[in-house]
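The following pair of complexes shares a single chain, chain A, combined with chain B in the former and chain C in the latter.
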Partner chain A sequence: MRHFLLFLLTLTLAFLALSAGRNWLSPPELLEALLGGPQGVGRMVWSLRVPRVLVGVVAGCCFGVAGIVFQSLLRNPLASPDIIGLSQSAALGAVVALMAGLPIMFGAWVGGLSAILLLAWLAGHPRHGIEPRAVVLQGLGLAILSGAATEALILRAGDNDAGMMMTWLAGTLNGAGWPEVHDALWLVLIMVPLLLSGRTIDRLELGDDLARALGLRVGFLRATLGLNAALVVAGAVALCGPMTFVALAAGPIARLVCYGRPDPIAAALAGASFVTIADMLARSFSSMALLPGGLYTALIGAPILILAVRRQARRETS
Partner chain B sequence: MSFTVRNLDIYLGRSQILHDLSFSLPSRGVTGIIGANGCGKSTLLRGLAGVLPAQSGNILYEGEEVTSMSPRIRARRIALLPQSGLAPPGLTVRQLVTRGRTPWLRPFLPMTPSDQAAVEQAMRAVGLTDLSARSVDSLSGGERQRAWIALVLAQESGIVLLDEPLNFLDLPFQAELVKLLRGLRQTCRIVIILHDLTVAARLCDHVLALKSGRLVASGPPSEVLTRDLLSATFGVDFDVQDLPGTGKRVVLPESF
Partner chain C sequence: MFSRLGFLWLVVLLAFITALFIGAQDYSPAVLWQAIRAYDPGDAAQVILIEMRLPRALTAVTVGAALAVSGLVMQALTRNPLADPGLTGVNAGAALAVVGGLWIFGPLPRSLIATLAITGAAGAVVLVRMLAGGGDNTLRLPLAGVAFASLCMAIVSFIVLLNPEARNVYRFWMVGSLTLADTSALLTLAPVVLVGIGCALLISRQIEALMLGTEMGTALGVSADRVLSVGLLSIALTAGASVALAGPVSFIGLIAPHLARRIVPRAGLAAQVLLACPMGACLALLADTAGRRLVRPGELPLSILLAAIGAPIFMLLVRRILRESA
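Presenting the complex of A and B:
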């Protein structure tokens, strides 16, 4: 039921996003444009807005689901991929790939996967396995390192590309077209195991020993879910840049809706709604058309996160 | 329902924690594990539960090797309550107890009526039915520990392993929990790590005494909780007295 309501919300927002832009379409106009075939407004909607909204929805799902999986695996509401350096490392890989003429998705995956393997290796302990707090703290360092390396690369690249790439680095759906929709469909397939992992990550939150005693293969599940989530988030970075705050805020929003339980499907839908709203705002204010959607996710996401954490803290102390 | 350990060695990292342990657990009742801090009590319990690998030796449940069972099947037979349970914030008592049904659930399907019945039964057994909708963080220390015990009871395993469930509880809560566990020993087999030796004497049908990862003694409390064996286990001298007329044994370090 909660999933259905969130799904309706995402769907509504997606249709609103199709109407939004420099020239707003009324619902009948949008319907006519969608059904009318490839002339005039219909052509603009089908070639520009539909792929852009689709890519935004999928990227938002990716950020949201990867966010809640990492927050849950590391038992820390701050441990989302954009805080522990996975998004930044994926962006670094993507920029390197772009400059080397390789596929961007490939570069982002290499970046994201090396980041998570590096973190697992750094935070691993021979007796106690991977220490979640160490992952978060070392990830903070990795985020700064990868971010700095990316900016250095971009600034060296020259004036023409630098502005465009800085916009991408803040997260934007500018330039999302049908080829990106094709990539996005693959990401939908890759995130299916994460969407189905709700019961697993819920049990892992009880602690490793209890989860094992309840019959979970803890080591295997942590490793596969972590790698899977890293792939998904890196894929989303390749599509639209590291949209700030989506992965971080989607988890707490999903928990607010689902009685505090880690629900990957709710988090994915929350992320999708979030990116859709942000991109709508980015396109609607024409005077600020160059501002990236990632700016709006940060503007909206930060207060939501603060409210969510406050509410949770109050419940814990009362 | 036999449970036998033969020549068990367990390592954590490179250091050997348990050395060549061999014993059998009685088929019913409460078995207590006693010993000084760091002697390997928790490691032994985790080994018995199959959550730690054994380097050599056997842990046999009804003749079957525990470490080679599939995790789900093992979890249906052996339940473990670790020392510090992490209750995610906001979780209600019923939700926590429900987590104990995990090894019985079919993937992606909701609980069946028999799962529901096991959850209700477990909450009734620990007397928390009336508090089932309360969040776990809002409970008192004793109630919270009872909620965790209900979780492992809901698992409906043949054997329940409890790691120091009386720790950090005030005396009234300890008394309440000891009464609960004494009641439970009719219906399930319990292995429990205990610090208070007087409680061990009162609660246990069988006691294992560990020192530095080796078994010092194994037997009924009247035979293990004696001056000689206790000083061999803990390295200090104890006063051991039977209270006349009650059948209760009081065990205190001599230096108290």
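Presenting the complex of A and C:
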């Protein structure tokens, strides 16, 4: 039921996003344009707005689901991929691939996967295994390192490329078309195991011993879920750049809706709504049309992050 | 201790002279000698050396020392070895105050910009400290800082992107670099940094007493509130001044205190403050020189080079701290 309501919310927002833009369409106009095929307004809607909204929804789902999986695996409401450096590393890989003329998605995947392997190695302890706290702290360092490397690369690029890449690095859906929708469909396939992992991550949160007693293969599940989530988030970065704070905000919102349980489907829908709203804001203010959507996600998401820190601090000290 | 201090300042002097010669164009020492003996404003090489590189190198020394002291005081007060004005969002808070002030009021005189930066830094210290809460904050302090910093920097880029002319001026300052260094700003802010370092020296004994625990400190006759407020003043003055000069620069405040502690492991806080100054200055000079040398004729901002060196050091520190606590 809750999923259905969230789905309805996402759908409404998506339709709103279809009619929003420099010239607003009323619902009947939008319907006519969608059904009327590729002429006049319909052409603009089908070739520009529909792919853009679709890519945004899929990327938002990716960020949301990866966010809650990492937050749950690392037992920290702040440990989303953009805080622990996965998004930044994926973006670094994507920029390198872009400069070398390789497919962006490939570069982002290489970046994201090597980041998570590096973190696992850095945070691993010969006797205690991988400690969540260590992953988060090492991730903070990794985020800064990858961010600096990307900035250094961008400064070396020509002025034209640099402006484009700076916008992309803040996270934007500018330039999303049908080829990107094609890539996004693959990501939906890769995302399916994560969407279905709700019961598993809920049990993993009980702690290793209890989860083992319930018959889960803790180490194997952690590794596969982590790698899968890294792939998903890197793919989303390749689609629309590292939209900050989407992954981070989706998790707490999903928990709020689902009475504290980690629910990947709710998180995915929350992420999709979040990206759709941000992109709508970015497009509607025509004087600021050049502002990337990622700025809006940061402005909305950062207060949520701060509230989450505050709550965590209160819980731990009390 | 004093021999080590002298040696460190000697290294700073060497780095300083190197910074003068190396850049988009390398010069021989003879040019500097000529410029000192008889300065000739018609000679391009001498003008570059004296008008551009000298203020820049002096700014690097000031910023480095300021950040090192600010990080050291922060680490001592929060009892967190990972505290740094960059990582805790203090620099970002100061940058937001500066950019916001410029946006609202238009062009401002240097002294007002400095005041804005210092106020922003002080506000950020208080806010982040509140966010991180009490108790063991090894993890929460940097997390809260990163959160706060990203919020501030998002607003800063929002403002800067809305003003194209501001973007061109502040593009490099925003990420943290010395491109805007000039003599008048330095003359306004160097005294501020000195006052900040003086505050740190003044309360170093009291901070040490408090590090034994608040009750123990009170028993030794130290007022915790007074120490905290003077410490806060010291952090705000040094971090704020460095932001006004060079934008938000991370990691000097993290690395320099650790290096200082390595050199004099048993010395008191005052000695660490004195040693951290040349250490920070040296780091800033070397990073800036390397940044100008690596991508001629362009330059890599100071902050990017420091992040490339500093982030791995941060990660190593984390590894050691967590090993010790485990």
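Operating definition for what follows: the second predicted complex is superposed on the first by the 303 of 318 C-alpha atoms of A that agree within 3 Å, B and C clash if a C-alpha of one lies under 4 Å from a C-alpha of the other, contacts with A are read in each partner's own complex, and residues count from 1 in each chain.
We adopt the following convention: a residue touches a chain if its C-beta (ideal position, glycine included) is under 8 Å from a C-beta of that chain, and two chains touch if they have at least 3 such contacts.
The structure presented is a predicted model; accordingly, all values stated were derived computationally and were not measured.
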Touching partner for A:103 - first (chain B), second (chain C), both, neither: neither
Contact breadth on chain A, by residue count: chain C or chain B: C
First (chain B), second (chain C), both or neither touched by A:177: neither
Which superposed partner A:136 touches (first chain B, second chain C, both, neither): second
First, second, both or neither for A:40, with chain B first and chain C second: neither
First (chain B), second (chain C), both or neither touched by A:145: second
Chain B versus chain C as contact partner of A:155, first or second or both or neither: second
Partner chain(s) touched by A:303 [first = chain B, second = chain C, both, neither]: second
Shared contact residues on chain A - chain B and chain C: 312, 316
Chain A contact footprint on chain B (complex, rising order): 12-14, 46, 49-51, 71-76, 78-82, 84-91, 99-100, 102-103, 105, 108, 135, 137, 155
Residue ranges of chain C touching chain A (in the complex, touch as defined): 82, 87, 131-135, 138-140, 142-144, 146-148, 150-151, 154-155, 157-158, 161-162, 175, 250, 295, 298, 300-301, 303-304, 307-308, 310-312, 314-315, 318-319, 322-323, 326
Chain A residues within the chain B interface of the complex: 75, 126-127, 196, 199, 202-203, 205-207, 209-210, 212-217, 259-260, 312, 315-316
Residue ranges of chain A in contact with chain C within the complex: 78, 83, 122, 125, 128, 131, 133-134, 136-138, 140-145, 147-149, 151-152, 155-156, 170, 244-245, 288, 290-291, 295, 298-299, 302-303, 305-306, 309-310, 312-314, 316-317
